[in-house]
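In what follows, chain A forms one complex with chain B and a second complex with chain C.
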Partner chain A sequence: MRRFSWFNATSLTLGFAFLYLPMLILVIYSFNESRLVTVWAGFSTKWYGELLGNELFLDAAWVTLKVAVISSTIATVLGTMAAYVLVRSGRFSGRTLFSGMIYAPLVMPEVITGLSLLLLFIGIGLDRGVLTIVLAHTTFSMCFVSVVVSSRLISFDRSLEEAALDLGCTPWEAFRLVTLPIIAPAVISGWLLAFTLSLDDLVIASFTAGPSATTLPMRIWSSVRLGVSPEINALSTLLIGIVTLGVISASLVSKRNLMRQQQDEQTAARTA
Partner chain B sequence: MARRFLILVPYLWLLALFLVPFLIVLKISLSDPEISIPPYTPTLDWREGWAGFTDFLSQLDFENFIFLTEDDLYWKAYLSSLQIAGISTVLTLLVGFPIAYGMARAAPDWRPTLLMLVILPFWTSFLIRVYSWIGILANEGYLNQFLLGIGVISDPLTILNTQTAVYIGIVYTYLPFMVLPIYSALEKMDDSLLEAGEDLGCSRLSAFWLITVPLSKAGIIAGCFLVFIPTLGEFVIPSLLGGSETLMIGKVLWEEFFNNRDWPVASAVAVILLLILIIPIILFQRNEQKQREAEGQ
Partner chain C sequence: MADAARGKPMPHQGIFEPWTDPVAKPLIQFQNVTKRFGDFTAIDDLSIDIFEKEFFALLGPSGCGKTTLMRMLAGFEAPTTGTILLAGDDISPIPPNKRAVNMMFQSYALFPHLSVYDNIAFGLKREGMPKLDIHARVEEMLRLTRLERFARRKPHQISGGQRQRVALARSLAKAPKLLLLDEPLGALDKKLRQDTQFELMDIQEKTGTTFVIVTHDQEEAMTVASRVAVMDEGKLIQVSTPDVLYEDPRSVYVADFIGDVNLIEGKAKPSGDGIDLHWAEGQPVLHCKTAKPFGEGQTCHLAIRPEKIAIHSQEPEARNKLCGKILDIAYLGNISTYHVELPSGHVIKAQSANTRRIARRTFTWDDTVWLSWTDTAGVALER
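Moving on, here comes the complex of A and B:
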């Protein structure tokens, strides 16, 4: 029997207050009339208007979205392939180096990743812009995808795949019809993780972007270095809102899928 | 054939965009700074064949590394990064453990919601979470307004642009990385062990020290590494919250590169940072492996 004490209740309350109060304050003060962010001067939505009329922010948001969609999609394909290799391919020469290259970027300081990629792009004479940011983001997020997908592949029952092969599937058909649907949740969460990492990245993008492309975090960075601003509060509120909606709906969908799966299993058990 | 393709594509991608860039950093850290584009010599010229290669090798030297040891700034920055990362790891553990413990003790119906509440900030922009503290900690910020309002202090506290602000920022942003591994260790714990301990005459506190803490050790270690390793090279938090008083190596590298445009020194700074990180990274991998083996049994 677990005992939930006053101590537990207090530490949870304080802990979650610590996690959420700063964001709550940002949201509240984004509706502040005054430009002086720390003084409340009445309710207003004017900063949202200013934000949506600001071409610099809109352009940066568009670049960020483009980079995030492209890089997370490529990273998901490459990361799934890498996970397959890690879990299924057994021994091959260079395997240690391969798994090292998958795990190292997960803990590499961003400043080093950014610096090294920039030096590469300059070394081979590649013009910096959207393309170089996409290459950089794909490289580090494919490693996160492969960790997520390989944890799912490890627990996967291989006999299902073998059954498909015995029944005359080609390996590709077995992958597409049997393996992929089963690992799909992990592939989707890998994509979401890659997408968020790309949206969020300031340091690597700053190194690899060059003067022709600016992402949203870079734009936010250059404006918050000057201090607190109400437009940034409004932008933060929008981003927090989008993420909250996304996470809540994702958890509802996965809960519904889990319930449906349980129902299916019960039906199967009854008919069997 | 298909298998070879499957291996080669991600392999070549990582070689070209992860390993080769590193070798370039290593090479440039051994080169001399130069006022040109790119701002360093020597450059390896493949067209000259073997002669070009030996020429290139003869020009490499450890000047930049010697420079790092001669200038106070760099080793002070390494030491202070280690110190800040160490202290903030301990602080994050002190804040994170009670939260993870409370979550593991909560009713099973509540746990998924609590888990989601811990993960949610992790999906929100890191930059924005750090930024949110500027308004709170500033001299005329919300915290000082609150404390002055209730009369605890008579003069505003200076927190922003000090190391205290950096500690707060790190604990705040890295808290989920500490809470999640500890929670997953505590959640698996069998409570009858605690009852057995108490039946055998343990006080609650000593049962906690003798049973709960050792059983969550793997989670605690994993959480500490997950906080310590990335904070060591942290750039955003010291730059936004730490002011000029805080010296951290990630910030030094950034400034060396973008402000001083000294690429060889920036590369040498990166190489040494990596050498420092290799030890905790290997220890971390070993801890993960041990845990995976324990779960496999």
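Moving on, here comes the complex of A and C:
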């Protein structure tokens, strides 16, 4: 048993307050009756109702979702391919350059990425809209996928693939039937990472979006500049709720899998 | 070591010797195969014939090229020069998935996301075999490896020994012409390994498949194999049946690698039906019967197994005898190994079976004893 100490208690409280107080205030005020954000006038859920009627927000949410799903899916495919090549092809000339180029966007300032993409799209005469945002998001999120997937591939036992080939698989079948199912958790978490990065992105989307397509972060940003409305509080609360739910369920699933695996291994050891 | 050679039930012994038959067609032929990885030569101009239904062991220290040799058979590596023939056809251009060769991997390489049943069925499904036939074949494999109860389990839900049997069943399911086993028993503990060795031999006989096993464990190679190839640095040193390898090694390397041995280096002098070995100042000349021609003064190594040296408390009547003091005794239960130090400083190992209870043992530390052996007990080696 550790003894209670005032120092520990204070730093814990301050730390958590620093992290969560702003969000807590936001959640509380989303249920505020008043239009004034900083004045409490009683409990109400009316801003949630208004939010559902706000075409601008709903449209933006729909665009964001579309962009996130499409771009993270493409990024996952490309990122997995890149990771596979990097891990598997061993030494080839230019390998360091190639891997460096894949990971460069990780450290590239978003403003630079956004600006260069904007110049590219103007240069090739591509009309800015959903397509350009998708392309931009794919570009910067695929390197995240590639990092996640390659870290799994490095620990992957290559003889599993050789066994598949040995048992009559073509290289593609070996990948589809053996490698992919085994690295699936990493691929899925790569996809989720790309998805959240895309949902979250403001800077790059601002550079590459046209008048026809506005994402939710852009919409929130522009309406906040006209003053914070309780509607935005409601929207943010919804987002916080969705993220919390996602994180909790993901950790529950992985914890249950781990426990089941341990149990299985114990049974195996006993029956051996 | 001696136990492995002793406890060996070989029903074919004396009958199954295709390598002595000049008209027998080998299943696998390596013809002047060389494999280089950059500057490193893994296999150096190697030629070997392996016959159908053989249980062939590749034995050698790690890095000797035995695994490379096996991977070339499986198709994961291509020879730099030379050809490999399987049943008379050059297999170099054939990718691994098209070869009638299956491999059991050292790590077993079981697919963790598939059940035991689906692991075994994997290769059959790739072949496009009808569902009912697949079922029958998988059931047969499960019976053969005594895994019926575990068909629905995933690999992580069974023990190491069971995993090893699943790997074997999976590689045998497609009824390959040739089965490759890469250190198949390395991950098992000693007792289980011994049981599994006999199981492997049993299965090899039942299925009539040609097995090629890679191992660094000489006891294992000698237990299971019909012939053993001793390798070192990419070259074949000797290919023989286990008993020839043990009793009649052709080089100091093999004599030393297989089992325990005393090596006495000296100068040879032809005498009668063999040679006299002058090996140390003030020590008696040793005589060894040999058919090999040795020149006068040629360097010669006398290799003699500890169990072929008798130990006495009185001077015996024998042609080869040495006197020394017991330096050390290794008591192994069934046998004891005595390390006897000669006045010249050499240490000779002699082994004797503990036929009596330990309390009645005759020799102890620092006793002066006599060692003796016959003319035919040792082997004279040039190098």
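Throughout what follows, the second predicted complex is superposed on the first by the 250 of 272 C-alpha atoms of A that agree within 3 Å, B and C clash if a C-alpha of one lies under 4 Å from a C-alpha of the other, contacts with A are read in each partner's own complex, and residues count from 1 in each chain.
We adopt the following convention: contacts are C-beta pairs under 8 Å (C-beta built on N, C-alpha and C of every residue); 3 or more make two chains touch, one makes a residue touch a chain.
Fair warning: this is a prediction, and the values are worked out from it, not measured in the lab.
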Problem set entry | Which superposed partner A:55 touches (first chain B, second chain C, both, neither) | neither
For this session: Have a look at where A:265 lands relative to chain B and chain C in the superposition and call it first, second, both or neither.
Result: second
Exercise. Should A:178 be classified as contacting the first partner (chain B), the second (chain C), both, or neither?
Worked result: second
Seminar exercise, completed: Of chain B and chain C, the partner touching more residues of chain A is B
For this session: Please indicate which partner A:203 is in contact with in the superposed arrangement: first for chain B, second for chain C, both, or neither.
Result: first
Exercise. Is A:159 in contact with chain B, with chain C, with both, or with neither (first, second, both, neither)?
Worked result: second
For this session: Would you check which partner chain A:169 touches, where first means chain B only, second means chain C only, and both and neither mean what they say?
Result: second
Seminar exercise, completed: After superposition on chain A, the chain A residues reached by both chain B and chain C are none
For this session: In the complex, go through chain A and note every residue touching chain C.
Result: 157, 159-160, 162-170, 173, 177-178, 181-182, 261, 264-265, 267-269, 271-272
Problem set entry | Residues of chain C that touch chain A when the two form their complex | 74-76, 95-98, 101-103, 105-107, 109, 111-113, 122-123, 126-127, 153-154, 156-162, 170-171, 174
Problem set entry | chain A-touching residues of chain B, taken from the complex the two chains share | 2-3, 6-7, 9-11, 13-15, 17-22, 24-25, 28, 38, 95, 98-99, 101-107, 112, 114, 116-121, 123-129, 131-136, 138, 140-142, 145, 172, 175, 179, 191, 229-230, 232-236, 239-240, 250, 253-254, 257, 263, 266-267, 270, 273-274, 277, 281, 284-285
For this session: Report the residues of chain A in contact with chain B in the complex, numbered from low to high.
Result: 1-5, 7-9, 11-12, 15-16, 18-20, 22-23, 25-26, 29, 37-38, 78-79, 81-82, 84-85, 89, 92, 94, 97-98, 101-105, 107, 109-112, 115-117, 119-120, 122-123, 135-136, 138-139, 142, 146, 171-172, 196, 199-200, 202-203, 207, 217, 220-221, 224-225, 227-228, 232, 236, 239-240, 243-244, 246-247, 251
